[in-house]
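Next, two complexes with chain A in common: one pairs it with chain B, the other with chain C.
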Partner chain A sequence: MMQVRISGIRELTPVIREFTLTALEGPLPGFSAGSHVQVHLPLGSRTVRNAYSLTGDPADTRHYRIAVRLQEASRGGSRFLHEQARVGDTLTLSPPANLFALDLTARHHILIAGGIGITPFMAYLDSLERRGDSFELHYAYRQGLTDAFSDELLARLGHRLHRYDGSAGQVMDLKTILTARPMGSHVYTCGPQRLLDGVRAQAAALGWPAARVHWEAFSSARSGLPFRLELARSGRKIEVEAEQSLLEALEEAGMSIPNLCRGGACGQCATRHLQGDIDHRDHCLSAEEQQQFLMPCVSRGCGTALVLDL
Partner chain B sequence: MSSTHSNESYRPFSLPLYRQPSPSACAQHHLLVLQRPADELSPSLQDFVQALPRPIVLSAADDDFDKHLDTLLYAAPVGSHLYVLGDEAFLWKVHVTAQGAGMLSEEIDLIDCGPARRRVFCVHCGLVQTGPVLAHLNCAGCQVQLGVREHFSQRLGAYLGVCENPDQPYAEVHP
Partner chain C sequence: MSVQFTELQSYRDDFTFRNSPAAIARFPFPFPEDSYMYSVNIEPATPRAPGSVYQHWFDIDEHYRSEMAERALVLDKDSSRCLVMPHMQEASWDALQLFMEHLSADYPQWFALSCDGNRWHWRNTALGIDQHFTFGDASTLPCEPLEFITRQVQGDIALLDQRDNDLFMDAGMVTSPADWSLAFDAGMSFKQWHSPVPMANQMGVFDRALKYLLNIQVDQPVRRLNWTLTINPRMDSSPETFHEWGADRGQITPDNVGSAVHLRVELQFMARLPRSNGLMFSIRTYLISMNELVSHPGWGQRLHRVLRDLPEAIADYKGMTLYRQTLVQWLSQFDELA
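Up next, the complex of A and B:
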């Protein structure tokens, strides 16, 4: 855990705010492009941890930068950062981890961002430009709403930037983007699930091997109905509130579960379940694996009481 | 050696394994590189070659083979799959070129169908030599007598050759 101070806030769009975070003392831990941090957000009596990609230059260890989209349906983490966080406030972070690293053997990098999914690519661009690598960025957004870095990127990247304004009906043609690309190309995508699914399906249809296709799901826990939980080994019973994730409830009960993304993607927090109905909301377990495991960061009990092998 | 491994079952992890040839189901373009003319292949390999949909074929017997190989691999789009047929030394020479062009191992099928010839990398001077399968050889670059280890580098496409006897590195009296 580390303490940082909010040293700057920029309103990039009506729904996206950028925060500059500075260490209270000394330099911050270094990170590689594509890394994220977990921000610990005090919401009433509870602490919610949300993962945000680091958008600053990885070579700069004086500051971290994150860009936060206000999530209307969220449980309050992004709302806290939009409505209550002020310059000078102190925040607690978990150190950076990277689940979306660049492939440094690539001869060409194709970056495809949807909306707030632009954030990990902001750090990519610093690394790619420093390395002198060949790349292009495709950026879909809604003008005046999610076009956080659009003008800044146009000035910086010129013809390497391809913009698609959804509010003007401009559509990204994934087939054109992925057809007849030079050997050694890798594609990276971050954004809404339907964009990720689209890129992966189109790449597979054109014969791209999975090792050339990289993605990061951009989601965090959504709320649901409250449910009851039992831990088989200790016999403890825990109530999970509507606005709380199962992982947060376990942490509140003093359990320490390994986790990195808190969004159902990294697979770290997989926990064996023994009984009960489950609403699986993750992106990483296969249907067979879900028979035995669940991802407590996003998935929830529903119906009969959930029993975990903890 | 661990007592749980008999000598026969012990197989160093790095030694290459060669699959049975089969056309890639997902690839859009099929690149076929042959060391020997296709009509000299075994009947089963001739069947395999004929089953490839619209392959682009390159033969090592052609003039300017190395130049054409570079052109083919660097111009190939993602979605291409490479099949190489020949002896082990030839397979890995092409594999090294293909990796340099940005191909991944999963985009390359190596089909070992020649006499036993392999590449050996001298760890002392860095020279790669091609020759028959021998336990020892003299490095043509630095004259050190090499023992060829059962340790294979996929990046170099070669077995590692290491000085056999440090007390007498040269097989013959060295000037």
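Up next, the complex of A and C:
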């Protein structure tokens, strides 16, 4: 864990705010393009941890930057950062981890962003430009709402930037983007689930090798109904509130569960379950694995009481 | 206590390499019990007792100057021992930065680093190096950044690229290998370069180890010990020079076993490279002759039992089949129950 101070706030769009975070002492740990940090957000008596991509230059360890979209269905994390966080406030971060790294052997990088999914690519661009790599960025957004960095990207990237304004009816044609690309191309996508599904399906249909298709789900825990939980080994009973994730409830109860993405993607927090009805919300486990495991960062109990092998 | 260096010793020809009593006392003896089997013996690399080989990320000991001179000799004859694939440039700078930052913080009497933005100044008084350079600009160094820094660090280094849920041997400096070759393994995946190891793959050791390594985070390194035996204190026991040392294995007699046979322990240290997302795999080798080893209470007895009961396949892989009987017989004099 490390302490940082909010040293700058920039309104990028009406719903996206950029934060500059500075270490209270010394430099921050280095990170690679595509990394994220978990920001610990104090919400009343609870702490919510949200993962945000680092958007700053990986070569600069004096500051981190993150950009946060106000989520309509927010459990309070993004709302806190939009409505309460002020310059000078102190925040706690978990160290950077990377679940969406560049493939450095690629001959050409095709980046496809949807809305706030632009964030990991901001750090990609610094690395790609420093390396002198060949790349192109496709960016779909809604003008005046989710078009963060759009103008500065145009000035910086010129013809390597392709913009699609959904509010003007401009549609990204994935088939065109992914057809007849040079050998050694890699495609990376981040954004809403339907964009990720679209890119993966189109790439598969065109015969792209799976190892050349990279995606990062931009999801976090969503609220649900409260439910009850039992830990088989200790016999403890825990109530999980509507706005709380199962992982957060376990942490509040003093359990330490390994985790990186807190969005159902990395698989680190997979926990064996023994009984109960489960609403699986992860993007990581196969249906077969879900018979035995659940991802407490996003998934919830629903119906009969949940019993975990903890 | 600050580290002091011995007079130059050799790892070839006349083999003048010796361990001082202090070096024997801190030798990383790798056997916690009387038998040995492969396992995923990886642990977080948290610092241990001051003066131990586990105190710092990169251990510098009394043999520093000798080992650096030996590395220079190997490179003079065979520059292919250092290899950096084009996509590993950033990882090389990452490695240089880790070494310089840790060495200057841990051994300030020998190493100093000052940074003004990208303008760096590195001093290594142990080897008489004083270098101003621009971080990230290889043309401001006398050679590749990885070669520059690893000519000043004990131990072999591999830089692994992480992609496609695997690790690839895409860069390194390997002049003191226990019979493996960077040039041969270059570009291989984790399981490919481990394929000669008997038994372990069937045990699932490599699946678990790979999963563990892929998840190493910045500033949270891990370590493990590995071991083999080497005839004479020869650092460069590589396939490229097999013709120079392979026959030594057939020359072991009851008279020379104590001075010729060496336990060779690798302190392997794995750290995430922050900017490139690569993985540094450092292999710090410690050598100790049988005569030196049995001077430490308990080690002779334990090594006797480990080698006596070692599965045939592992003994063969570690290259001791020709002299195992002679060695075990000699060690038995140190085993109270033998």
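Operating definition for what follows: the second predicted complex is superposed on the first by the 310 of 310 C-alpha atoms of A that agree within 3 Å, B and C clash if a C-alpha of one lies under 4 Å from a C-alpha of the other, contacts with A are read in each partner's own complex, and residues count from 1 in each chain.
Following the convention adopted for this analysis, contacts are C-beta pairs under 8 Å (C-beta built on N, C-alpha and C of every residue); 3 or more make two chains touch, one makes a residue touch a chain.
In this text the structure is predicted, and so the values were computed from the model without any measurement.
Participant: According to the stated criteria, A:A211 is in contact with first (chain B), second (chain C), both, or neither; which is it?
Facilitator: In the superposition, A:A211 contacts both chain B and chain C.
Participant: Going by the contact rule stated at the top, is it chain B or chain C that touches a larger number of residues on chain A?
Facilitator: Greater contact footprint in residues on chain A: C.
Participant: A:P42 in the overlay: touching chain B, chain C, both, or neither? Say first, second, both or neither.
Facilitator: After superposing on A, A:P42 lies clear of both chain B and chain C.
Participant: Identify the partner contact of A:P14: answer first if only chain B is touched, second if only chain C is, both if each is, neither if none is.
Facilitator: Neither partner.
Participant: In the superposed arrangement, does A:R107 touch chain B (first), chain C (second), both or neither?
Facilitator: first
Participant: For A:G144 in the superposed arrangement: first (chain B), second (chain C), both or neither?
Facilitator: Neither partner.
Participant: Have a look at where A:S185 lands relative to chain B and chain C in the superposition and call it first, second, both or neither.
Facilitator: A:S185 sits against chain B, while chain C stays out of touch.
Participant: Does any part of chain A touch chain B in one structure and chain C in the other, and if so which residues?
Facilitator: 105, 211
Participant: Taking the complex as given, what residues does chain A use to touch chain C?
Facilitator: 29-32, 34-35, 58-59, 95-98, 101-105, 127, 130-131, 211, 260, 268
Participant: Per the contact definition, I'd like the list of chain B residues that touch chain A in the complex.
Facilitator: Chain B residues touching chain A: 24, 26-29, 73-81, 101-104, 106-107.
Participant: Show me the residue ranges of chain C that touch chain A in the complex, using the header's touch definition.
Facilitator: My answer: residues 87-90, 94, 97, 136, 161-164, 215, 217-220, 273-277.
Participant: Touching residues of chain A toward chain B in the complex: what are they?
Facilitator: Interface residues on the chain A side: 105-107, 178-185, 204, 206-209, 211-212.
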